[in-house]
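Presented sequentially are two complexes of subunit A, the first with subunit B as partner and the second with subunit C.
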Partner chain A sequence: MTRVEPAARGAGQDAVPPSAGSGGVRVRRSGPAAWIGGGVLVVAVAVLAYLPYVSSRGTQIDLVGLFSLIVLGTMWNLLAGYGGMVSIGQQAWIGLGGYGLVYLAGTLGLDPFVSIPLAALACGLVAWATSYLAFRLSGGYFAIGTWVIAEVVRLLVIQVDEVGAGSGASLTAFSGIDPQYRIAYVYWVALGVAVVVVLAVYLLMRSRIGLALTAIRDEPTAAGSSGVPVTRAKRLVFVLAAVGCGLAGAVIVANTLRVQPGSIFSVDYSATMIFIVVIGGLGTIEGPIIGAVVYYLLQDGLADLGNWYLVVVGVIAIAVTLLAPKGLWGLTRGRLSVFPTGYRVGRGT
Partner chain B sequence: MTAPLLEVAGVGKRFGRLTVLDDVSFSIAPGEAFGIVGPNGAGKSTLLNVVNGVLRPDGGTVRFDGADVTRADAAARCRAGIGRSYQIPRPFGGMTVFENALVAASFGGGHTGRAAAEAAHRALETAGLADAANTPAGSLRLLDRKRLELARALATDPRLVLLDEIAGGLTEAEVPALVETVRDLVRAGVAVVWIEHVVHALVAVVTRLMCLTYGRVLAVGDPHAVLADPQVVEVYLGSTIAGDDPVVEET
Partner chain C sequence: MTWVNAVVQGILLGGLYALVAAGLSLMFGVMRIVNLAHGVLAIGAAYLALEVADRLGWHPFLSLLVVVPVMAAVGYVLQRGLLDRALRGGELAPLLVTFGLAIVLQNLLLEQFSADAQRLDVGSLGTASIRVTDGLSIGWFPLLSAVVGLLVVAGLGQFLARTRTGRAMRATSDDQEAARLMGIDNRRLYAIATAIALGTVAVAGVFLGSRTTFDPGAGATTLIFAFEAVVIGGLGSLWGTLAGGVVLGVAQTVGAAIDPAYGILAGHLVFLVVLAVRPRGLLPAAVAR
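Moving on to the complex of A and B:
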């Protein structure tokens, strides 16, 4: 990186007329909604954390599904809503995370709870390598490219006999733990993963990197000529989203105790993620959480409808995009922000 | 004679069969104010794209501050000190005006925290946008979008600013203020390359002028000499200057 020596830089700053010297600029980054909303969230997480003491195993298993949906929606939003990358191949990392857990905990005999983050890190590593391929494509070609990568990953994984080749495998690593405890542990891990992922994205978006990502999403060329290292920032997001999806995949498998290539590598996951983000609100942190809850409730409430379920989900998706193009969270018109990432300028002092 | 800040040598650029730049060479001293004129489609904006790294030339080299930057990307050149405003504004539409400038100050200017906020604020004040700091950039009208282009370019703390038709759309009464802003820049030691169809504004600031036609340098030198050059008058200025009717065009 070339730096301009201080002298020249000082000269550049003198270019500003004298009025600029008078008083600074005051920048605010959060409002009362953030404090109230943050408080509500802390209480909600505390209640959820207490739940295993008072709820049935079925409820906990169900809610793990919700937590992984929140993680998946948040990751897709990070990619598309902040990084400007529309991927339909995130199932690559969901599958790799799930299989990674089975391989590390089952085949290698590592502690399953340690295996979950390790599997996710492996996803990040593979994503970093494949980004050099995927980033040669843009727009629609990038989207298709990610799907192709997901298919290749699936085809490679089903060559591995240790994880059951084409027929899948069971996760036996938990067999030493009493099911009641196992379910509660997995529940807490899933809740923890969801909280960490959402908080991580929030902190990322509040940081300099978040500023760069938003600029890249809005106008990549202008971002580049304003000094933003566009490719590096996108690669970081691509890798982080793979880690997050890998975590979700591992949590899903820890919850169901079974991994099956057809379902864990299913492109349906991408459709679900898109639905969650579009319903909730693209480019907001709150949106995917709301979208995940809506999807979860629909899934629960409409389970008896069989194939009609998809029709209902489709109609709802169309209705929301027509009536609330910015998603449900978009209805707040930016007046409400539980996770404020922007900058408001106040009067100078 | 000091070493040139920017050196463009033998640059060529084609889009398919269309040759847009053909063996263009010129150089700019630190702090110099340099103007570019030429008819529509002459390749002026393309030349700026090659200088700031948005486009790679097919041939030739671009040197900035002694270093060959022909292969460097736009972000690296911006951090090295090349700021750029676009003829067709490219705002970060989902961000506020302040955030737009903050991106440039943080990444192009390399500032963090308060220093970044202050650099962004100063750039907005210079461009006359400080009062619109909290406005979403996507909702600005064209004139303010042009101002935002200028603000963002300045927020990167450039040593060389490339201005692409920032006066287009201004009323005659607004031009002097813009001319003063660019002059202030030059006084502060920033080199300026300014493309403008509003020739009288240009001539009020620049000390050298280049006329580009069909991707070739037709004339370069003292502004008045270039404008008086019969060839220049014929291909371009005949229509503009003779009628003393500055072309205020919008793309």
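Moving on to the complex of A and C:
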């Protein structure tokens, strides 16, 4: 199913009353690729869900890393690919999500699995408040502004003694659960979060807001003058991306059982997200998933390279941006769309 | 007297921040590129000066004779090779390319020089100071770096205002199409602007590297401080950048005088307050762009 260029896509939306069938033209959204691809994904998720019964703990812990990469990539893509906002400060929400879990489950004694979504919601709330500052900047300055906000969050968090100040804290809330069960539960939560986040972005992009976002990304001024509530839509995306990154951060900490300000608030997370999205394909739902898988495999394969690993990934990302800006998923040249968000005019009866 | 001292040191530090920020401001002003590799490039220049100092035994300031032309050449090639292409790729491409470049450079520096902290040795100049009164003395080195910052900002301003190339840059910045119709080769101008920007980055890097220790990861804070100086001062205004640098410097030294842990945080908070109450900065350019 073709992912139509955004401009054409808007036109498709106008033509939506699908009975616009004069002259054998039919406006469709779904297609064989979506049905087959969707089917493959359902089977893949089912197989992954069954995995804890047959695989080692190490494999599960590894795969939780992959699921968080998918969530992070999808969230960064929502920001940049659909909202037109380049952020290099998403580590603020990853860190707050992780610390939120430690605080809610460790210090307050809540159930850890309830704490994960609560921590993510808290991220959304803080993101909503800070968006009023961040949105005063645009483009590249917005990007560095989000980074400053992330630094402020980190500097404030390391003042809090309850979560270990500068040295970090361990997550002890799982100590009552047998490790084998704990790892499996965290695995299922991570898989569930990844599925929910990808589906949520898919449904969002199929909705009216999705259309508004695409218009904003392509031409904010024109979108505004056409009656699209530009700032409100961007703020929604900013908050949702913070919630998603908060979920990922909480999952990461639930997986490693340890949170350290230096690593959970590291700008490397933003680098990772950018590389995943750029390599996979900016502005598509499939791209970040593929990018995350590629990044995960590269990470395993090139682990011995040390610092050269990031050099290689960085060079690839620059090359992809300049030479093939649609990324790996762009190789399908729009012939394939597992998650069709646009409409397509084709022959049909 | 502690407070007076903190403010004076902050003003001098602000001159250094303006020096660091001038290149960022110039590249944004002329090409609308926010160079996310700005900080890492400054640290790269510091490492280059370190190499020159080690191999040839030159004083860091003398090494500027090598570092500035090299960085300017890097800027010219960077603009011609990568950034021109990125500019054609839409709004996101320059950001993604310069961020990718920052990551690549930082890790190359890590690979080459390890994560150990380094420092450029400026000899007795690093510790010599003029004693004004009890509890207030002005170091020669901070004073020198502030003066150099002032000179670079003033020099750039004069260059943009008075020279033919500078006028062409402002024209291209205002209306690229019209400037090209007047026979201005904007790609050549862009390359010159980036070369000049990286020349100032080279000076900034050498001063940063002589002031405190640095490691390959120091590019991040360098970029953030430069950016804060630019935004506090007002986009598109070089003198604003100087004012922004001073405000940031004073905020940091006064914050650190309250509690050493609060220095950087105080700088960030002042930045956020300015963003909230005066989003166009203290000295915004006359015409909003």
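Note that in this section the second predicted complex is superposed on the first by the 310 of 349 C-alpha atoms of A that agree within 3 Å, B and C clash if a C-alpha of one lies under 4 Å from a C-alpha of the other, contacts with A are read in each partner's own complex, and residues count from 1 in each chain.
Here is the rule we go by: contacts are C-beta pairs under 8 Å (C-beta built on N, C-alpha and C of every residue); 3 or more make two chains touch, one makes a residue touch a chain.
As the structure is a prediction and not an experimental result, all values here were calculated from the model.
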{"item": "Contacts of A:203 with subunit B and subunit C, given as first, second, both or neither", "value": "neither"}
{"item": "Touched partner set for A:212, first subunit B, second subunit C, both or neither", "value": "first"}
{"item": "Which superposed partner A:226 touches (first subunit B, second subunit C, both, neither)", "value": "first"}
{"item": "Partner chain(s) touched by A:267 [first = subunit B, second = subunit C, both, neither]", "value": "second"}
{"item": "Residues of subunit B defined as touching subunit A within the complex", "value": "52-54, 65, 67, 73-81, 84, 86, 90-96, 98-100, 102-104, 106-110, 112, 114, 117-123, 125-126, 133-134, 152, 154-159, 184-185, 187-190"}
{"item": "Complex contacts: residues of subunit A adjacent to subunit B", "value": "1-4, 8-9, 11-17, 19-20, 24-25, 27, 208, 211-212, 214-215, 217-219, 221-230, 283, 342-345"}
{"item": "Complex contact set, residues of subunit A against subunit C", "value": "80, 84, 86, 88, 132-133, 136-137, 139-141, 143-145, 147-149, 151-152, 155-156, 159, 267, 271, 274-275, 278, 282, 306-308, 310-311, 313-315, 317-318, 321-322, 325"}
{"item": "Residues on subunit C engaged by subunit A in the complex (per definition of touch)", "value": "28, 32-34, 36, 82, 85-86, 89-97, 99-101, 103-104, 106-108, 110-111, 220, 223-224, 227-228, 230-231, 235, 261, 264-265, 268-269, 271-272, 275-276, 279"}
